[in-house]
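There are structures below to look over.
In the two complexes that follow, chain A is the common piece, with chain B as its partner first and chain C second.
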Partner chain A sequence: MSYQVPKFRHPELPRNELGYTRADYEGSVSTLCAGCGHDSISGSIVRACHELSLEPHKIAKLSGIGCSSKSPTYFLGKSHGFNSVHGRMPSVVTGAAMANRDLLYLGVSGDGDTASIGMGQFTHAIRRNLNMVYIVMNNGCYGLTKGQDSATADEGSASKKGDPNPFGAIDLPGLALQLGATFVARSFSGDKEQLVPLIKAAMTHRGFALIDVVSPCVTFNNNTASTKSYEFVREHAAATGTVDFVPMREEITTSYPPGQSQEVTMHDGSVLHLHKVSEELDPFDRSSALLALERYRSSGQILTGLIYMDKDSRDLHEVLETSRRPLNTLVEEDLCPGDKVLQNINASLR
Partner chain B sequence: MEPTDVKNPEYFHKVVDCQYACPAHTPVPEYIRLIAARRYTDAYMINWESNVFPGVLGRTCDRPCEPACRRGRLEQEPVAICRLKRVAADNKGEVRDRMPAIPEQKNGKRIACIGAGPASLTVARDLMPLGYSIDIYDNQFAGGGMMRSQIPSFRLPIQVLDEEVNFVLDMGVTTFFDTEVSSMRSIVDKGYDAIFVGTGAPRGKGLELPGLEEAGDAVHVGIDWLSSVAFEHIDSIGKKVLVLGGGNTAMDCCRTSRRLGGEDVRVVVRSPFADMKASPWEKEDAMHEGIPIYDNHTPKEFVVEDGVLKGMLFEKVEAKYDDNGKRSLVPTGEDLVFMEADDVLMAIGQENAFPWIERDLGIDFDKWDMPVVDEASFQSTNPKIFFGGDAAFGPENVITAVAHGHQAAVSIDLFCRGESVQKRPPPFTNLVSQKMGIHEWSYDNAVENDQRYIVPLAPLEQALSDRKVEVELGFDLEVGFKEAERCLNCDVQTVFQESRCIECDACVDICPTDCISFTANGEESELRTRLSAPAGNLTQDLYVSEPLPTTRVMVKDENVCLHCGLCAERCPTTAWDMQKFLYNTSKAGQAA
Partner chain C sequence: MKSLEAVNEFVIKFANVNGTGSASANNLFAKALFRMGLPVSPKNIFPSNIQGLPTWYEVRVSEKGYLGRRGGVDIMVSVNPQSMPQDIKEVEPGGYFIYDDTKPLDLRLIRNDVNIIGLPLTRICNEQYSDPRQRQLFKNVIYVGALAALLDMDFAVITQLVGDQFKGKEKLVLPNIHALELGHQYVKSNLDCPIGITVRTSDQVGEKILLDGNTALGLGAIYGGATVAAWYPITPSTSVVDAYEKYAKRLRIDPGTGSRNYAIVQAEDELAAMGMVIGASWNGARAFTATSGPGLSLMSEFLGLAYFAEIPTVLFDVQRAGPSTGMPTRTQQSDVLSAAYASHGDTKQVLLFPSTPKECFDMGAASFDLAERLQTPIILMTDLDLGMNDNMSEPLHWDDDRKYDRGKVLSADDLDRIERYGRYLDVDGDAICYRTYPGTHPEKGAFFTRGTSRDEYAVYTERGEEYEKNMHRLMAKWETIKQYVPKPQVIRSKQKTDTALLYYGTSEESSREAMDYLAEDGIHVNAMRVRAFPFNDEVEAFLHEHERVFIIEQNRDAQLRTLLMAEFELGPDKLKSVLCFDGTPISARNIRKQILLQMPGYNVTPLRRERVVGNGE
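== the complex of A and B ==
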């Protein structure tokens, strides 16, 4: 009987700059269905955090309700966590991020949690360019309640026991672009080679970073009539290009032929290589990204990879000029600087 | 890489590291599970079928299985396989009714076994149930060979040996004990259908050093001295004893000396401590009994005064290794070291010798004057005559002798039936799914974290006072169970069926030891560099699937797989399954 993962790990697991192995970023054993795409995304998050040498106690993972939102239990077991009310994860992140800008905020949500009940919260987090990574584990169905179509299910797609969906899908990357998101990507749970660098780039981006990850529901939505099955996504995915992320501290060893590659230096000095980017897309131009998304959608393909990035993104802290220090480090002298300061302020208003 | 052919029984056999390393290929995990189930008699019989002397080997085996144990690659210590075997032997119930029936009607073929050691007894064990008539000749008064003459009683109580020797002899073997075979021709002339030579490596090497002659009776050849002790011709030794040599015989000599009156007993060995041939645990046991080991000392001279041995002179050396790892012992140039001694035991190696085999019997001898023996069939150039155990290829150990015996029995049976001895019957194999439910397997797949348990010892004073007091007490049932639970069940194989795989990565994500990768195929050396975790252990195979729909392949590095079954539990399509692989080497009488 096994409900636990054995303690033993590969004895030669690579250690990152902090001396941690991948195992130090794992969580409890998953209770999701065997083969769930969400578990692969969890695996990719573990890999990304390990490779970025992030300190686990400097990460906060937050989620709402749903299969997706259970998954933070299954990674980053030594990080902060908050499982919020259905669809309300963005407002909790907003509060947390305003109070402490030193943590990396990783929001995990699903298609129901984001595109239905949480839509209002989602849009405003984007609009405010909250400094967070927002991962949507998108399986096009409500797996926790037996697989009803969700708002991201494609028109005509049918789940295992369902009829073809009569409604059009809400396209989250397209919506995010229109709302002014500063980092928009789409990926597939079954393609870690693409997903891991995207997560790393999103974590390094300053501002709101959306990754919409198509994540097949093996139990209810992995049948032949579904457009969110492993097979369908593999056959219909088209990548915007290859993404390679080199953290700031690492030497850049890969070289790409000139003309085929674009280099982006992130605000912390890390470098994002975009290789073999499709000629139809300029990932630094919002309207080009919107056009490309629509073009691929109408031809029945799923555009994956980095879709758009604003290199000059200004996040909510910059816009609001918030305290550079976490609120919990502010002492009385900071908050009540005394009569002299007050007099100065008053004088400036006279 | 080519897809792995798991239909080849050797692939999964190799994954069962302990069984693969065992010369007799005993199905180790199978009997360890039975010990955990407290089915000691069943566990004993699996051993007995395979290695004939579970009680003896559970105490004295060289344990090639343990360094091979996968657990040793994951943590410090392997499973105490050898001592678990003893748990089965010590706690077994009645076993005679489970042993093969011996036909009343013999098949008319007569076989002679020369020497009554483990190799010959194994030949007899395998051939008696097939109706052969077997005569065993030995110069000792009872069977067992070196297990009787050279393994001290404090490691192997005589009752344990007698019981297992008698299981074989009581099958109706005709014994000629106290019979020195001094002429092979005399045996050949008796008209046997086949002859098996299992005479071991009975000649201890000596050291031709100055003073040897003058030292006289104070210098002994180790194995001869041990057998004199075993047969009670010798019951004492001087207070100061030097034992020369670094193998297991040296350890037996020094520990026996401590029990016969030796107070200052030292082992002196030419090589560095780490290079000594003795098993690590035997060295520990000797040191535990207050016996220091002086390494890097080369013996130079026996010092004799007035016809009495006073001690020995040694030259200090250090080991230098050249680029090929070849060692040479270079003198340090320091003064010679003198060590006092009343007696010296030389345990520096032994060899086989065949002065009793006439050279005109059709048995070819090589340039080292050793018989030419086929490595698979154990047949000599005289097709009727077979060799096995130390007599075949030089000194090894009991379990190797047993393995030789099994194969020689196969050959003798083939030969007596007029078939080619080169056409070996295949091993018996079986592969069965262990799935019982979503999280349920018919084996205990949970991995225990316990460290290796230590075998309790008799109090030192008591042990040293009587050479017949067994030092190791063996695991009790509770500890035996816990130690058995450490076994990873490496014989329960991860079997992959590519046609079912949807490449969801669930197995990759769950595998605690990152064994599984889905990646583009490539040459093995290059493929090993881009798997989920380092795959630098080249002795461990990669399990490669046929190409999957994405053109990638599944690659599993067998190295540190825990056989925990999580890949199969997390697989939504049962592309992975846990299947128990049973492998039994071919036995005499088995159809080809």
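== the complex of A and C ==
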């Protein structure tokens, strides 16, 4: 069962440009386990959408199957949602995005949904540079079937059941980079200060934006021998730098010391500030990003933050040269060539 | 030996090597006859291969208008030594075997009951052309020229046709006409012609066109307003999306901006293709995919979601011989059961069965109306025979006053007028509920689409009674659907009879021809062509009206019969099977033979002279 969140809120909750409070971006009460990392990510999504003043009904949230994929019910209650089939969310988003290019597509998936059953669709959505945000709620295990290792579980990591995982992990950001993803980030469900601006930047990016969010499973994979536990991630996370996202309509008020920050203007005019960026990583250079990922991985650390971004990304609609008008708004006059044309075609077939 | 004699009624078969350009020359031959006003039915029987394996092209010519396969071959044009032993065996006694006599015929192959005609095709080519590719290509055109003389065809029609076919590539016209003349001249100067089988200009074509079903489906999708096509290449369905793209490039470019009013995505597999169709349809675009058996298997998972979540979905299934990879370039009607009940759990899918290119166009376009009106997958079941062969068809027509039926969709204003929106609330009592597109209204109408159980307001629930209520409503919708799908067509015998034939799709033409043969045998039958599943009430009444009904289909397991037995709880005493599943289209003679064998009082020895021969007989 899903339960509606009580509508009563503090009357002085801050309102965004559209007059919406954060409550307008919330969904039903979560039925995930208490303390689940996924709920924190849902909270970050709510905050990011509120702060960006997005119209909730202009967002479509889609997911596959699993704990992660249940979470879209728990945010953005005014948005259409689609809980599709295990591992097949990317294809459903592809079709939806082709039908209406004017909505924002937020895909939510898990590590099983993405790195195992949905690997094929995940890679091809990247390859086509579908204009969507793809959030992986990555806990290294299958929660709904009680804690089996997933393909992102690290070698040697052990879940609550206690057996060390004998297989190497699939690193989703690394894979995405190799496949040509145009926006790649990693974060941690417990670090909203990092995650919220990353979600905002991803939502503004034109093209496929992956955020792999390590999100501990408190029930099956939060023990000491697990590399996806709160404790382990806190101790081993290394950030690429801090990301500040300044929406198009807002004035840039913070001043950043010269030499330590980089400014990126997004296609809608928003500005992304990256500061205290590590010397070792140029997030606008794919090979630098790949190297940094590998270097941190081999030293036993988890690199988080914005890892790579292609400022000149061209999304699938641009490649296909589809009409600016959403295809789902076209009517008979736009679509049907009429009988006269058909009679000419008949004539050519005699 | 008595040679076959016929005017405008015969079967000719070409035996070629795949990849040598023979299909275009054979098509030229068939189309020339069509232009002479003769009903023709060409069938390309090709291998799963790009170059080298044997391929055949059979043309039925019938002034009487029979367009199905008759069975048997009257004239064999043998251009492929690989298949010669098999090919000469197929010729009817008194028929004609035309071969390349540059090399002498193997004495062991010679049949005394067949007219053997030699044409030195290779020798002529070697004398005329130095380029090996030209030698190969023009060999085909030369035998077409030779046939024109042998059959007494109107040579001017062929040369005119060459001009039309190479419009825009004029420098190819003269060399092709020259090659035609080489063959023509050789026969005129060296052989007795015409042979016993000849053609004469007729007027049996009228306004009809020659078109393959896949192109008609692609055009149907254009006219039906499809904007999103998602697909994965698979024979024999590939040319559906090829045709859609070809016409979209001409007819769907925005005049102001030059941008495209369509999107075609070549998916990573059929699973993804179906996911894209569902995503686009959910979002209010008309979308479709085309596939064949193996793709249908992969799409089953998603078809269950679309059925249960009630998302309009259009799927064109161009059937081929299964199971597994089966015979990927041969025809069958063997996906009927897997499509009708596609997906796990209790599912029933709507099927349409077109028989002609015109029906492919009409039903293809109508699929989008039906899918949106009924909010469920529409699976149009065609096959390789209809899809990839040129079929003579009534011309296509579009009513310019026609409006698309977009089904029950609420606008922002509609939403403002209702108190509480429920996606799965049966407001009108027809078990079809109201949809909303994402992005319609800032406050109302949003809901969660899911494959898990939910209540009438689309809220997740695991309460058994809510689940059951929903499943009952889906069955009530199934009843509503019966009123919308195309009705069957019935042919009544002039004589009173308790025997009937029931067929669908590409079995139609051969079945109708078989009815004429049976009438000569003294067996009169009524006939019904089923055009959709769920079966309309007329189908049930028709079955009850007869003592025995022969269900004619092109698969091993009598799949439509199984479906009829399951839906109407009828027994095998009443429903008899007539089957063909060798990968070639069912022939009229085959149908007649199978029916005679099962008719009470008819000896198992056929009454007419019959020789069991190869393909499809």
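Note that the second predicted complex is superposed on the first by the 328 of 350 C-alpha atoms of A that agree within 3 Å, B and C clash if a C-alpha of one lies under 4 Å from a C-alpha of the other, contacts with A are read in each partner's own complex, and residues count from 1 in each chain.
Operating definition for what follows: contacts are C-beta pairs under 8 Å (C-beta built on N, C-alpha and C of every residue); 3 or more make two chains touch, one makes a residue touch a chain.
It should be emphasised that the depicted structure is a prediction, and the values quoted were computed from it without experimental measurement.
In the overlay built on the shared chain, the residue A:282 is in contact with neither chain B nor chain C.
Contacts of A:95 after superposition on the shared chain: chain C is touched, whereas chain B is not. By the touch criterion defined above, A:222 lies against chain B but remains apart from chain C after alignment on the C-alpha atoms of chain A. Shared-chain residue A:234: touches chain B; no touch with chain C.
More residues of chain A lie in touch with C than with the remaining chain of the pair chain B and chain C. Touched by chain B in one complex and by chain C in the other are residues 1-2 of chain A. Taken together, the chain C residues at the contact with chain A in this complex read 34-35, 207-211, 219, 222-223, 225, 227-228, 230, 251-252, 254, 257-265, 267-269, 271-285, 287, 301-302, 305, 395-400, 403-404, 436-443, 446-452, 459-462.
Chain A contributes residues 1-14, 22, 29-30, 33-37, 39-40, 42-43, 189-190, 192, 216, 218, 222, 230-231, 234 to its touches with chain B in the complex.
In the complex of the two chains, the chain A residues touching chain C come out as 1-2, 55-58, 60, 62, 72-73, 77-85, 88, 90-100, 102-103, 120-121, 123-124, 128, 316-317, 320-325, 327-328, 330-332, 334-339, 341-343, 345-346, 349-350. The touching residues of chain B, when paired with chain A in their complex, are 73-75, 439-440, 445-447, 449, 502-506, 508-510, 512-515, 533-534, 536, 549-550, 560, 562, 564-566, 569-573.
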